[in-house]
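One chain, chain A, links the two complexes that follow: it is found with chain B in the first and with chain C in the second.
== the complex of A and B ==
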């Protein structure tokens, strides 16, 4: 149990010494000087400061990543009695020709499409309303809106199971109170996903609100004064001043939102189990089932790698599409 | 400076905005309120919420002791595990990430740009890519179902470096140059000059990291097996079930009492540190 800790010790020593030694040796050779200058001392310290972070990410991030990619080309499985084989791109070919994989991609994409743009618009709208308030109220609303964000996914799931219980849940009590009929919520294929999406609309905008409030608050007021003098409507002021000037923030929120959104997992694991009728079977949930229940590590790794490629591709497209330098 | 200066907005507009905010905040916090009120109501195992009132009528504090009874006092072990698993890695990670962030922000060395872009790039790597090899690794290390698996992998990493780098870039370089001229070592500069100035970002990172580790459920769920190694989140999962059910085998009021206890530490921490927090979230987010 203790011996793997020596890997970490070794990696810290490696990152602290080797890159520096190589770089300094090259530099001395190029300049034809002997001894270590102050510049080199700085390099040494830089790598010492980075050593722990790099050692840990080597063992617990880079190495597992490499292994996942490697494993995705094999048929490694805990359940099969046969030895592991190198199967080339067979896993990828099988996944990509499997309609169910594309179904999980579609389910995830629908979730992101209905949560992310809505979250950006709601966050911006609330941020603008917050900036109209006096300072103490601004702080209060920012904190209150962020509060649901510190609640764990497990607690959120437990609470949502109670709210949307098919029998006597709060939501049904509310519906019956106004004379409507009770719903089967997470048991109804037409309702499970909309309910999950709706819950993000009302409780997952804390970061967005805080970030947009800071961004919009930083726009010089002269722009708004000019807009007022020109007689621009509130809507026109928004589309011509606020929206273009907070674009860098929108890029940040969009890209981080895409990365997080495509990895949605907790609701499927803790609330719906991917159902009903697999309407909430997200990509990550598919990966988890393949890996944890079928023990098909090769296929599951290939799926995870495909998800990563998808996320990277969509992030780059969005970054290209949205990123334009804003100067003011 | 501020865009929506108060004098630009009519009194009516301000009141309207206030009403909208109040309504949205109420809806947003409704589920937390329902959690709190059901934790104080005797609901029974039949799960009938129709007799639940907005203000709990029984004030059933025994739901809280019920949670410990239900888990046969394992909840105390889970609480200890949760504290350990959240505090130890968070404190280590804080120091290591600050060191790395300082090097990237304030020391000129070959490879600096490369490591900066590396940190950006790994943000896009989904956690599930590394999950399977890490899971296998825990078995080959003999760490499965031990504290090693819960603590060691999180003690350092690249996730927190970006925020520190962004913050430390804003510190004046002259300060460090002056210390260097006075003969201070790089370590002294970091520990005695940079760290004290980085207190706001340390508070933010502590909060983000602690809340993340406290709320993490999936890694502990994967790598623990025995009741003694579970964290509070995993314990709560064992009560609400995974992969399908919305069946509550036990009293919903007691589960909600457990949920309140699981949430209370992070809520208290958040309320105590929220001033730093709101500043910290905007580091690196506002201007590209």
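== the complex of A and C ==
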């Protein structure tokens, strides 16, 4: 066995030497003499430090991705390579013609549709409120709202399961306190997904609040003064000044939110098991079950590739739709 | 340019230092077929930490004890969490880096084996390491569970049986008019079980709301309830033995068991429907709970009369767990739970459910690539050491009360540890030595029929994941009647099995049979 460290060393050498070799060849052809141009010489240390990061990414990100793509075209076996067969696009054809796959995509899309826009609006609203506070309080609220994001998903799921316990959880205690009946939160097909969406609304705004606070804080106050002088209402000020000027931030929050939303996994694994009635059976959970419970590595890899393409496609569409520059 | 040259030299020096470092660290793997004991051979061991953490320290201490007294063989111990163990083992096998010794059981390797893509990966244990006489002393269940092609494939550390039993509140059961000892002795029918559930479901504090229920279980358990708990009592143990498949005698082909009929599936679905929607004796709040929460309802809060019990001696285990928690001040109330274990109901009196029994033990995996006979022998020595009764006395009995396979022999060695007069030990021993549990004996990997079985079994599992258990949930949530659900269930199951059968490659017998049929039709 070749130790991973040896692979890493080789990759560092690759990324450190190959770009320079390419640049040196390019410069020699262009200038007709040996050595790097002055401009390319200045890139030397940048490449040295980039080489380490690129080596790490190659070994633990790009290479596994390439292997997964390769595996998605095969009937991967647990015995040996000779028992693995190239099946072409058969895995993809089977997945795309499977109604269950489309059901999981729909479930995930519903989850994203109800969490992402709300998350953007909630983050923006909270950021605006935070910016009205004195600086020390701003720091406190930013930290407090960011904290749920750093908690382990396992811990968060356990806490939420306790809150929404079907028996005497906190949520049911609140309901019964105002005379309503207790609910079977994770045992009712009509409630399980709304509970997960609500959990995301209240806990997944940390990054959005931080970036929106920074973006809104950088909007020159003159715009707001002009709006005030012109007699604009708060709503008009928001739609005509704040919203357009934080569009780049909205693009960032949207794209990252889409990626995180379509990769949702922990609630299905830790709380609902994909149910009830498969109402919370997300795509990522389907990939996980296919990998580890059905041992169908080829199909699971194909599903993962399709999920990646789906996320990329939606992100591109979103980016093109939202990423328009606004200047005043 | 000069600077770049110097930088490249520095990098090259660093690379060569790292290369020498990794080469020196690489252990000598030895040559194939060499019987000489190697110096500093390393045997990797993976343990599945079953319930709690006490085993972890114990096994690392065992590894230290071995390493101190065996300089020729070094144990590299890894204790892993229960939830991630199977997936890590599969990944390790897939990437060609499996451990040498692993804690096997709960069909860890079998589930991989019946996937049709994994040949027999456990090394047969030679007689010198596990004599036949010792294996016979452990009982027929152990022998059937671990013997493959005439040799055992695991050093057993305990026998398990799950499914087919109910964990019940004895007081509530007695108040409902049922004697747990009589149910254990004679079994009971589905109608009696339903009646008991109904009687346990009541408003105990007179506020007009039901606050105790006869039964409870979660949605994540419906598959187990269908296949291993309610189902076998209705369709019979033969259908359960090979997960709905059977080997047709004349053709020697695996097919869907004829005993699994639409009527019987409808009966099982109807039991779900009756408990939840008609009798309303199944607490609907438990559908969204997990296993620990349901047991808390039964054991601590005592709002539940019965749930599926997992193993024949679980009443003893849960009582001891409660007492340990109570000693730490972690439970509410001072009155210990009065728990009991009874059988799951059956369709007809005089029949029994089908607990699924097997063996947990240490197995040696075939190495990928092969590291030699000497290394395999060292791995066998390590596995035998880990399964020694003296070590089992400390690990298994101390925390988990897992009785070793040869209970009588162990009781003679450590009488203070095995209370043979304990009624639950007696019940457990009686069950494990009876014909009631079903033991899925390993199939021969060289038999073509085994490969076909593996494909069909996997197809059923996959169909169940996507569609099968959905029918149970649709009955639970009143979207389908039990009869309609059973009809669709059987149609889907037959289609899945047919599609899997058609995907199987032709064997010589298939071709000959097809040719013979063609000739017969033509004539």
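The definition used in the following text is that the second predicted complex is superposed on the first by the 305 of 328 C-alpha atoms of A that agree within 3 Å, B and C clash if a C-alpha of one lies under 4 Å from a C-alpha of the other, contacts with A are read in each partner's own complex, and residues count from 1 in each chain.
Going forward, a contact is a pair of C-beta atoms (placed from the backbone, for glycine too) under 8 Å apart; a residue touches a chain by one contact, two chains touch by 3 or more.
Treat the numbers as computed from the prediction; the structure is a model and nothing was measured.
Applying the stated contact rule after C-alpha superposition, one finds that A:5 touches each of chain B and chain C.
More chain A residues lie in contact with B than with the other chain of the pair chain B and chain C. In the superposition on chain A, A:60 makes contact with chain B only, not with chain C.
When the two structures are aligned on the shared chain, A:13 is found in touch with chain C, with no touch to chain B.
Contacts of A:220 after superposition: chain B is touched, whereas chain C is not reached. In the superposition on chain A, A:297 makes contact with both chain B and chain C. Once chain A of one complex is fitted onto chain A of the other, the partner contacts of A:275 extend to both chain B and chain C. Contacts of A:160 after superposition on the shared chain: chain B is touched, whereas chain C is not.
In the superposition on chain A, contact of A:184 is made with chain C only, not with chain B. Comparing the two interfaces of chain A, the one with chain B and the one with chain C have residues 1, 5, 41, 48, 161, 165-167, 186-187, 273, 275, 291-292, 297 in common. Chain A makes touch with chain C in their complex at residues 1, 3, 5-6, 9, 12-13, 16-17, 20, 34-36, 41, 44, 48, 76-80, 83, 100, 161, 165-167, 182, 184-189, 192, 273, 275-278, 289, 291-297. The touching residues of chain C, counted against chain A in their complex, run 1, 3-4, 7-8, 11, 15, 18-19, 22, 25-26, 86-87, 90, 93-94, 97, 112, 115, 117-119, 218-220, 284-290, 293, 297, 301, 303, 368, 458, 461-462, 465-467, 470, 473-474, 477, 479. On chain B, the positions that touch chain A within their shared complex are 1-6, 8-9, 13-14, 17-18, 20-21, 24-25, 27-29, 31-32, 34-35, 38, 47-50, 52, 96-97, 99-100, 102-104, 107-112, 115, 122-137, 141-143, 146, 148, 152-153, 155-158, 161, 186-187, 190, 211, 214-215, 217-218, 222, 233, 236-237, 239-240, 242-246, 248, 252, 255-256, 259, 262-263, 266-267, 270-271, 274-275, 277-278, 281-282, 285-288.
Residues of chain A touching chain B in their complex: 1, 4-5, 8, 19, 23, 39, 41-43, 45-50, 52-57, 60-61, 63-65, 67-68, 71, 126, 128-134, 137, 139, 141-148, 150-170, 173, 186-187, 199, 202-203, 207, 210-211, 214-221, 223-225, 228, 242, 248-249, 251-253, 256, 259, 262-263, 265-266, 269-275, 284, 287-288, 291-292, 297, 300-301, 304-305, 307-308, 311-312, 315, 323, 325.
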